[in-house]
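Here chain A shows up in two complexes: once beside chain B, once beside chain C.
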Partner chain A sequence: MARVFAVAWLLHLKMLSRSAFDGVLGVLWPLFFATIAFLMYGAGGDDEALLYAAVGASVMGIWSSVSTSASSAVQRERWAGTLELLVIAPVRLPVVLLPITTAMATIGLYSMVATLLWGRFLFGIDVPVEHPVLFCLSVLATVVSIGMVGFLMAVTVVRYRTAWALGSAFEEPVWLICGFLLPIALLPGWVEPISWLLAPTWGVRAIRESALGGTPFPDLVLCLVVGLGYAAVGMFFAERILTAARRNASLALS
Partner chain B sequence: MSSARIFFIGGLTSYRALFNWLSPWILVPTFVVGPITQILLFAYIGRAAGIGSDEFFVIGNALQYAAIPCLFAMGNTIADERRQMTLGIILATPAPRVPLFLGRALPVIVNGFVVSLFALVVGGLIFSIDVPPEAMLPIVAVTAVCAFSCTGLGLVGAALSLRVRETAVLSNVIFGVLLIFCGVNVPLDDLPGWMASVAAYLPLTHGIAAARELADGAAVSAIVDDVALEVAVGTVYVGIGMVMLWYFEWESRRRATLEMA
Partner chain C sequence: MSDAVIEVADLQRSYNTRTGVLRRTAKVVEAVRGVDFSVQRGELFGLLGPNGAGKTTTIKMLITLLLPTSGSARVLGYDVVDDAREVRKRVGYVFGGERGLYERLSAYDNLRYFAELYSVPAREQSRRIGELVELVGLTGREKERVEGYSRGMRQRLHIARGLLHKPEVLFLDEPSIGIDPVGARELRSTVAGLVEQGTTVLLTTHYMFEADELCDRIAVITGGRIVATGTPAELKARVEEGPVVEVEVFGDAEPARLLAEALPGVRSAIAEHNGHAQLLVVRAMPGAEVSQAVLGCLGSVTFGRVATREPTLEDAYVELVNNA
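Up next is the complex of A and B:
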């Protein structure tokens, strides 16, 4: 199973890297929003807030590369005519889908590096990494847990023919609700409990705490726990949807 | 008469046939949810950064969101002809090119206008924006002008899509450029000088400035210059787009590359 995961992850990582949409735009798109955030915080003149936003902005790309693409992950296999092959393979479908969405989240690392370099060289934002090891672990945990969110999205919207539009609509709300660019405390009070249920909230907190100096460990653990929760729910749905598709002979339909 | 038919009926038919975002499954997340979340995102960042007012972000982002239908629909209504293998048939017809291509732009302008207007109204209600009643009609007119000028840029993108395979990437990049440069979320005075200079030549910049002035209580006579500039910018882009379409068509025929990109 580990070999299937590793091979599928690497294969999809290579394919996504060569895609103009997932590769090039995956870096550019969050960079547009990060640039505006840098300009806005720069105009406000609050260096601390600018640093806060810079760390969060670097994580935006990880979510962006998953939100739109993961929603249509199953649909893409269907269009390519490979969905039936994946379903009849002796490996369970979630084991095939999870590395795909994890590869999508991994692609977001390009964007993370690009945003940090963009902020450093164009805006002079020097993000200190106070706890380098925990920072790397936090990034890894965020990638994995966002990949699991993507897996859940891929499975649950499988009957939605234009799922990319739904995934795309989730992009900015998650940036907002999960506190990528501003403290959640500034949002209406009812938003905060929602943010607790979203793995990126804990991921971006862990990365921020480890970069700026703090205690990232609880956030890191919560990020993984919430991510695993998404994976468990996704596996449950995947099995049920697959059984229904086989029973109704509707695997190729949507 | 034939040109009028090509312009109105042909344009509407092409728009309905080629712009598949009119399906409610795409329309609602993209044209209803999308602009509102963009307004919310930047209005709250504005509050966190301590710049601008809610009104500033609602107007800027609502008008800028016209770029989504204007860029993507224009791209689709021409590039998708190639994808569906009908581009050659269209270009083999004796139909005059001006009504053929401009006819496709008219429904797109209406689409962009409606999306922006919806975002203005809903964004205004969410943030309780107070706009003088006498300014509402002029703001609606400015919104229509912005949709026109943005469609002009969309026509340029559509022409490029005869050469660029990744039309979605191209439209997204243009959208991002407009978002940064046009004073949508960062006042032009706070942008680096060269960016503010570039902004003057992009659609939306003057329209957004005019709409903000109107919302702040300026008289219509005070924004005539900005509106005239917005119309001029849009017209220039329409002209550039038509020339590019003519050139790419001519080159495609000469090199037999119509179906390639």
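Up next is the complex of A and C:
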């Protein structure tokens, strides 16, 4: 099982890295949004807020990569006629979908590094990584958890042809709700419980804490727990959703 | 003793479709309306029918991509609804056209991916992929990206993918569509070779000569129902049709067609476009001799080649479908 996952992840990573369109978008998109964030916060003259935004902007890239791409990736498989071939392979659906979404999240790692370097060299924002090991662990946990969100979305797209649009719909709201660019405390009170259910909330907190010298463990654990929760829900529903897709003939384009 | 590897009983499948934006109207389309057939081990069974007849829907139910609305189907003894994973392990599926491949990966990587999904042991993968690449004539090109492949090469790669796990039953859904004649001939040779080695094949195709050449038995399906089953020879024999007269006509063939249609002993007369000319095709009753009479209908119209031939599988197919 691990081997299937590893090979599939590697091959999907290979495909993603070879797409000129996705490549250009992947390179420019995170830098574009990071630049806006840096200019906004830089104008305020608050160094602490700028540091807050720098870490948040770096996670935005991972989220955007998964939210917009994971659901459209399954739709792309449908367009290409490969979704049907994947579904009739004698492995469980999660084994097919997880490598795809995890590869997307891995690509998102680039945007994190690029955003941090962009901030460092163009805007002089030096993010101090106080606990390098914990920082890496936090990043890894965030990537995995966001990959699980993508997995949940991908499972939905298997059943509903138009569900791929959900990914784009969630992209910007999650930036706000998870506190990537501004503290959740500044948002209306009803938003906070929603943010607790979103793994990126805990992931970005863990990354901030480990970078700025705090205690990332509680956030790190919560990030993983919520991410695993997504995985459990996705796995529980995957076969049922596949059965529904077979009943409703939604695996093919028409 | 019967050794059926595919058993289909009263299989039905309908689709619910909706049209309209503000006023949504639901419609039920019955794609397959109760088909029954069985395929024996080692047999090459053809499913022939016009577009929308229910061929692909039937195959998709058998390979577990679609759930039947009612009826039952078993492949190698496994129910396609209850034992879907067991069926998937043992069958291969190849469809025609350019889709179904990862364009940005090489042929080798495409095959490697599916080899993993089908649990081909790691130590055997390279050898198996090498064998299949050679079988389908892609040796030396397997490390190139698929996006640079011709349609024929893609189709051959499809075949290789479908055979990775050595399936006992292979479903081929219009595999030769869009392939040039040489490629199609090679494909037929590959399929015939697989059957010789014991693979059971269910083939759908629009090409009658392909079905005639390859299939042990054929089922003709139209409107979601099987209207005839038999060997190609049996199907040809059961069609009540006599010889077919074909006349190449330069000019308007319609007056001659109308006259020919009214001749005694003529079942039907049609005019088909045939490049710069028209082809008048007159089908006669069994035992009737109408060649001279047909030529008499041409009047002053210039005509070229005249041929009389025995009914082909295509004639039988056309009659079966039209009479359904």
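To be clear about the criterion, the second predicted complex is superposed on the first by the 238 of 254 C-alpha atoms of A that agree within 3 Å, B and C clash if a C-alpha of one lies under 4 Å from a C-alpha of the other, contacts with A are read in each partner's own complex, and residues count from 1 in each chain.
The rule we apply is simple: contacts are C-beta pairs under 8 Å (C-beta built on N, C-alpha and C of every residue); 3 or more make two chains touch, one makes a residue touch a chain.
Remember, predicted model here, so these are calculated numbers, not experimental data.
Once the two complexes are laid over each other on the shared chain, residue contacts for A:39 go to chain B alone; chain C is not touched. With both complexes placed on chain A, chain A has more residues touched by B than by the other of chain B and chain C. Once the two complexes are overlaid on the shared chain, A:21 sits against chain B while remaining clear of chain C. Using the contact criterion defined above for the overlaid structures, shared-chain residue A:133 touches neither chain B nor chain C, since it reaches no partner.
Of the two partner chains placed by the overlay, only chain B lies in contact with A:168; chain C stays clear of it. Contacts of A:91 after superposition: chain C is touched, whereas chain B is not reached.
Using the contact criterion defined above for the overlaid structures, shared-chain residue A:251 touches chain C, although it does not reach chain B.
Once the two complexes are laid over each other on the shared chain, residue contacts for A:29 go to chain B alone; chain C is not touched. Legend: residue contacts after superposition of the two complexes on their common chain; A:183 is shown touching chain B, with no touch to chain C. The touching residues of chain B, when paired with chain A in their complex, are 21, 23, 25-26, 29-30, 33-34, 37-38, 40-42, 44-52, 165-166, 168-169, 172-173, 176-177, 179-180, 184-187, 190-191. Note for the complex: chain C touches chain A at residues 15-16, 60, 63-67, 85, 88-89, 93, 95, 97, 99-105, 109, 112-114, 116-119, 122, 145, 161.
Residues 3-4, 7-8, 11, 14-15, 18-19, 80-82, 84-91, 95-96, 243, 246-249, 251-252 of chain A are the ones that touch chain C when the two sit in their complex. Across the complex, chain B is touched by residues 20-21, 24-25, 28-29, 31-33, 35-37, 39-46, 49, 53, 160-162, 165-166, 168-169, 172-173, 175-176, 181-183, 186-187 of chain A.
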